[in-house]
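Please find the structures below.
In what follows, chain A forms one complex with chain B and a second complex with chain C.
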Partner chain A sequence: MRNLTPHIPQLFMIVFLLIMAITAVAAGIPSMRLLNDSMIRLAMNGVLVISLIPMLNVGAGINYGLPVAISAGLLGMSIAVNFRIEGLIGFLAAVLFSILAGWVFGCAYAGILNRVKGREEIAGIFIGFSFVFLMSFFWAVAPFKNAAMLWPIGGKGMRPTIGLTAYFEKVLNHLWAVQIGELILPLGLLAFFGFLGWLVYALFKTKLGLAILAVGENELFARLAGININKTRAYAIILSTVLGAVGICVYAQSYGFIELYEAPLMMAFPAASAILLGGSMGRKTSVFHAILGTFLFQTIYVYTGPIANTILVPEVSEIIRVILSNGIILYALLYEGRGKTYETN
Partner chain B sequence: MVRKLTGILLVVVMLLSLVGCGSTEPVQDDAGVEESSYKIGIVTPTLSASEDEFRGAQKVMEKYPDMIKHIVLPDNFSAEQETAITQITSLGDDENTKGVIICAGYSGILPAIQKLKEKRPDIVVITAPIWDDPDMMSKYIDICLDTDWLERGVTIPTKAYKMGAKTFIHYSFPTHMAKELLVNRRDKMKETCEELGMKFVDISTPDPQTGSGPSAMLQFLQEDIPRQIEKYGVDTCIFGTNCPMQDVIIAKALDLGFIMAEQCCPTPTQGFPAAMGLEISSEDAGDFDKLNQLISEKAAAAGQTGRLSTWPIPVGYFLPEFSVEIAKDIIDGKIDRDHIDMEVLTSTAQEVAGVEVNFNKLKDEIDNYYLIIMESIIY
Partner chain C sequence: MLKICGISKSFGNQEVLKSVNLEIPPGEIHGLVGENGAGKTTLLNILFGRDIIRHSGGYSGEIYFDEQKVQINTSRDAIELGIGMVHQEFALIPNMSISENIRIGREYVHQPSEKILGTALALIDKKQTREEARKILQKLGVNTDVNLKVLDLSVSLKQFIELAREISRENLKLLILDEPTAVLSREDAQAFIKIVKEIAEKGTAVIFISHRLEEVIAVCHRITVLRDGNIINTYQRDQFEINRIAESMIGHSLNRASRPRRVLEEKSIMAFRNFAVAMPGELIEDLNINLYQGEILGIAGLSGHGKLALGKGIMGIYPTAGHVSIGERILDTSNSADALSQGIYYVPDDRRETGLLMDHSIMENIIFTALQQKNRFLKPSLFSLMSRIDYPASTTYSINSIQTFDIRCQNIHQKVSTLSGGNQQKVCLARALAMEAQILIVSEPSRGVDIGAKARILEALSRINRELGTTIIMASSELDELKYLCDRIVVLYEGKNFGILSPNDDDLTFALAFSGKRKEELCVI
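This part shows the complex of A and B:
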């Protein structure tokens, strides 16, 4: 009864990963380190991917406007660094500021997206792109005071990359990290990621979550059931933005740098690829899809690099990886498009 | 009504911004015609695209406030070349403009210079640098300046060897390895390493230009550098061909203790400030002695004295001022624009930079295209 066709991309990727894992062992690349890296990458990028779920489920499509959310997170982190708040407290403060900024940005973003119903994805791309440049202007004139954030020659305006070593670099990665032999389990990072995943999972059990699902399923029926469509959509979009803002905080603490200016420009695309790879079918996306997708997408990156550099001609590996991951996303999109009916309202 | 108003407002804002881009200095033609009766235009990328050139131009503007007109190219140059061409040719509209200096590091600017030269053959044009076809450039441009990218294929491994490196790792990716200059430089590095008895390792990273942006490349570097250092030991010099890589490479060098002989663009302002979290107070901003001293202190604190190096001042910051000095001398008749003496270039450069700068000709048959290599500082 169970139709496996929609799961072909995942099965294919899993087989590909297994082959690579075996090759890695055969080529003598330290596998434990690769495993460590893939766990860190899962949590590091995972929150950004999870942040797409509320918008997908409310029927607003993939949030290509993720740079808006990322900018909110960057602003939150910049404020925390400006006040020189260090360590775990610094990270949590950054998250708190990001949530506030994400809320404000999310409200504006939701307002726009509610006016372009049905074309949210393309509108999102353009909103994201233009917002990044608007923020570039802001970064250049922002009145931040911490000298570690300012341009080294001009002494005014923000640097393109701000090092977090003195503040909250890797605080989650090192929190409750347990070493078993060569394997280091970043329990704190995974717990934080798991907690956010659980929050989103739990959300869809609440009244609001069910309303979001209902709006995504069929707006007409949802309205007949007494749900305020635009308000519910706005909640979902704000939620996505806030989660995205938290997502970049997790990413930045693990990467060790805050990247401003044009860095967020393309960040929506890997996240979108990951969720499609995870088997997201538009309006019925679960946290599991996001986690599976991120794991597959990022782990392939972790494995292809070293393997290719050891046994293949380096340039070829990069081409194969791009063909594989983009081809599979195309498959996912084709499958998603099949049998989908659009409601006009 | 609201929509109409917003529309009108948008149009006004766009028009204003267009006008705003044009000139950063009020034109004071009638105010005082003192010693600088002519003007020199400087064209640079925006502040966020490249701080060095922008600040370099600002610095000369402070030095000769009435003489310099600073123009900024569009942020997204490759998509808005037409705007750039209009901006550059418009410099020739002012009869008083006698010199144009272009510090952009883009290809596709030559057509603008051709147009400018057709209209105003008397204008002295110096490029520092632009990246078009050198033979064509030397025909239209009075002096072409650039960093000696290819020769660095010899100087970097040699410096690394002197700093104690036994292995040399070259990180790049397919899009860069499709560029002739970068491939040739890599091959030169390989040759030099073999001559010096160092092991050369070529590693390919995920390509930052395939749609996902640089994050995949940077994450790969973070994971791969520890692996390589474990394999080859700390006496390894790591070189990356892409600017965003430098933050990660320097941060990892502080952490793991390997050698970083030079970044892709050698300057103390690239990589070091972010990786070391340098706090530069606004009074010290732009003071390179102070900046280099701060880096030395941080390097010492990390036990990395003698293992990090770069050029003491950014080439991008040095070139605008240097080019203006040369252009001034040509306009004032102190230098003959058809026969430029390398000695004069060297001595002017030394005066402006405060360190030794070496000039080489790009090709023997072209006598107005010069490549520079600056003396290094080892922290």
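This part shows the complex of A and C:
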């Protein structure tokens, strides 16, 4: 029989999800609306989760330094908003600026991570935390001119929350949206998400992708094959950062706001638990893992809200979500540690 | 004192000890000799309760200590019984002083504090600990400041401190010495042996392991020869004869098939000049050889004498000195990409650690290096990094390789971790072939491989050499396969080129060369 222990979180979540789906129907909550929400949330958060894959596969662990990538995305979007570029063009411009910013930030981030080999995850957490505050300083003095982004009084420094209604709020969500009865299929959003997923999938069918996998699995082997380890790791880290930057653009256009200052701090944890929930065991994480994990994680979130609010006290859904996301990370760490044996005497 | 009855031990399918019996009375120095892989270290690990034994499924058989049957599960058990071990690799704590290392776990404490706080929290009596350490070292003829940190000491001094730690134990009954003199100079080794003899005279039994046969003969009361996990013979003092012991170590193999010798033009394609590799435990020093076009050059020698370091040095895994040149060009040994671009390919001895991507398929393992270095198996593209893998071409090539090398598998998409050792080795060779290497360096090609697969691997190497004209350097601890394949065999002794022997030389010459002796010298002794 196959060993099911590593799959306990997924099995548990699937069972949990089924129970909730049944409860939702029983409690008379409109299930089509929930399905819509879960689809949108899948694509909205999915890119951030996919962005973890290159770093996982190169052996740098989960990118807890995701705030670095998110800051790059925020910068990219701020530039687009500053020039008042609207609509789909505005969004694409934001993505383009984010890619450039992500590339620059990624290079620096890779430089640091290559010096702390083996401890990338903990280093990532601290890099993320310190970087967010460095960026806070930048936001406070950034020379942006669009009044919609600045504090209304004084006109200096960025607002913590910038509304995107006038620029590219929900442009992807509404692109090619098809209504079938009550169900709205956000085809444009799903297509964009699918395209990025395909890009990452295709990456691992290339020369670079194979080198990334080899470095992640066995550095010594890769070295014998003449691969430049640090360069390959840097490529993967830059890719993760760029994807993360694009990810926050997708997230923000759906959410409708750019959130600056301390907002990126906690973004890494839900993404990390989603990919772990999807069954990632470190190396050789596939796009499928990311999509499955995000779907389970976000759908549960979508379902817990209304159900908990109907049956239990309000605000319970947020509590459950936090317990879930941190509990899954903890479980993954426990499972990872079990494989090792220690000298016992 | 110690009696071992029918000890057997397997690692996976490989039986490394086959029902071994051994008896050592108090006060005896018992020599244990054998080739690499004969099972010496495994036997010691069992006696000292090392974790590797328990983690790999324990052992079978019985151990009697002082007439009592004992079960040694952990090193703590062994120490409580009174077994001490001087390790081949130093088991010292670098950042502690000499005296602390010698008395570790058995420090002298201030009595009143022990009564109040208990043993674990008692205050250490540093003065007495130091004093005792100094006395013990003086007994060993070492005069040094016991406050020095171990990390600042010379290798030979460290060896003496290990010995001091063991003999300072009040209950020491059996002392195991694993290659204690390997790192010592001749004078130090003699001093060391003198001390060991004194310890034995006080009634401590000693197990002495060394590759220096003459040393074993000089110090031991009896010598047991291990070969392939069996005890071949136990010699009494009056039967000691270096030739006989060397011969029974090597054994006579059944497969003596010899190949027709060929005469090769001595055209050098690769030259080593003062080449040195700093591989820990396998140093190569000052190597000067020429590699001739089209030959198979064997590298022989006991483990620890440098034969595994050659390939690793060329591929930049360990730091090197001196230089290697291909024709006129000097190789950059810090970067494996340079060696690969010059048509050199290295098949490492530790397949699982460095030779294979265990989690990937046979196909990916075969095409990997050629794909990365030569852009084979790729679809044309603007940026070579982003070019996609050409799956049809890779599949065809892999299927051909499976047939050429007779790799036993379900299909090319099977993970290599599920293959047997022999088939894994064939995958490594198939990868080398995809690289179209000019010079192939193979290390221990038949280690951990069963006999049938071994023959096919050797056959494949021979074919690569004769049909494709690839020059091969082959390092191996199996003398038979070196003699079968090679045109010349370099024997390394203590990291230096001891001599280039012909495969037609007899086993005795080789056995003596392995322990740094020449036949002519023997007559003098």
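Brief remarks follow.
Criterion: the second predicted complex is superposed on the first by the 316 of 345 C-alpha atoms of A that agree within 3 Å, B and C clash if a C-alpha of one lies under 4 Å from a C-alpha of the other, contacts with A are read in each partner's own complex, and residues count from 1 in each chain.
Heads up, the rule we're going with is that contacts are C-beta pairs under 8 Å (C-beta built on N, C-alpha and C of every residue); 3 or more make two chains touch, one makes a residue touch a chain.
Note that this is a predicted model, so its numbers are computed, not measured.
If you count the residues of chain A touched by chain B and by chain C, you find the higher number for B.
Of the two partner chains, chain C is the only one touched by A:221; chain B is not. Once the two complexes are laid over each other on the shared chain, residue contacts for A:202 go to chain C alone; chain B is not touched.
In the superposition on chain A, A:281 makes contact with neither chain B nor chain C. When the shared chain is aligned, chain B comes close enough to touch A:266, but chain C does not. Shared-chain residue A:187: touches no atom of chain B or chain C. Look at A:210: by the touch rule set out above, it reaches chain C but stays clear of chain B. Taken together, the chain A residues at the contact with chain C in this complex read 202, 205-208, 210-211, 213-214, 217-218, 220-221, 223-228, 235, 283-284, 341, 343-345. Considering their complex, residues 47-48, 51-52, 55, 58, 75, 173-174, 177, 202-207, 210-216, 218-220, 222-224, 226-227, 244, 247-248, 251, 268-269, 273-286, 291, 314, 317 of chain B touch chain A.
The part of chain C that touches chain A in the complex is made up of residues 49, 51, 55, 74-76, 315-317, 335-337, 339-341, 346, 348, 353-360, 364, 368-369, 371-373, 375, 378, 384-389.
For chain A in complex with chain B, the residues that touch the partner chain are 29-30, 33, 37, 41, 44, 133, 136, 139-140, 146-148, 150-157, 159-163, 165-166, 255-257, 261-263, 265-267, 269-270, 273, 301-302, 304-306, 308-309, 314-315, 317-319, 321-322, 326.
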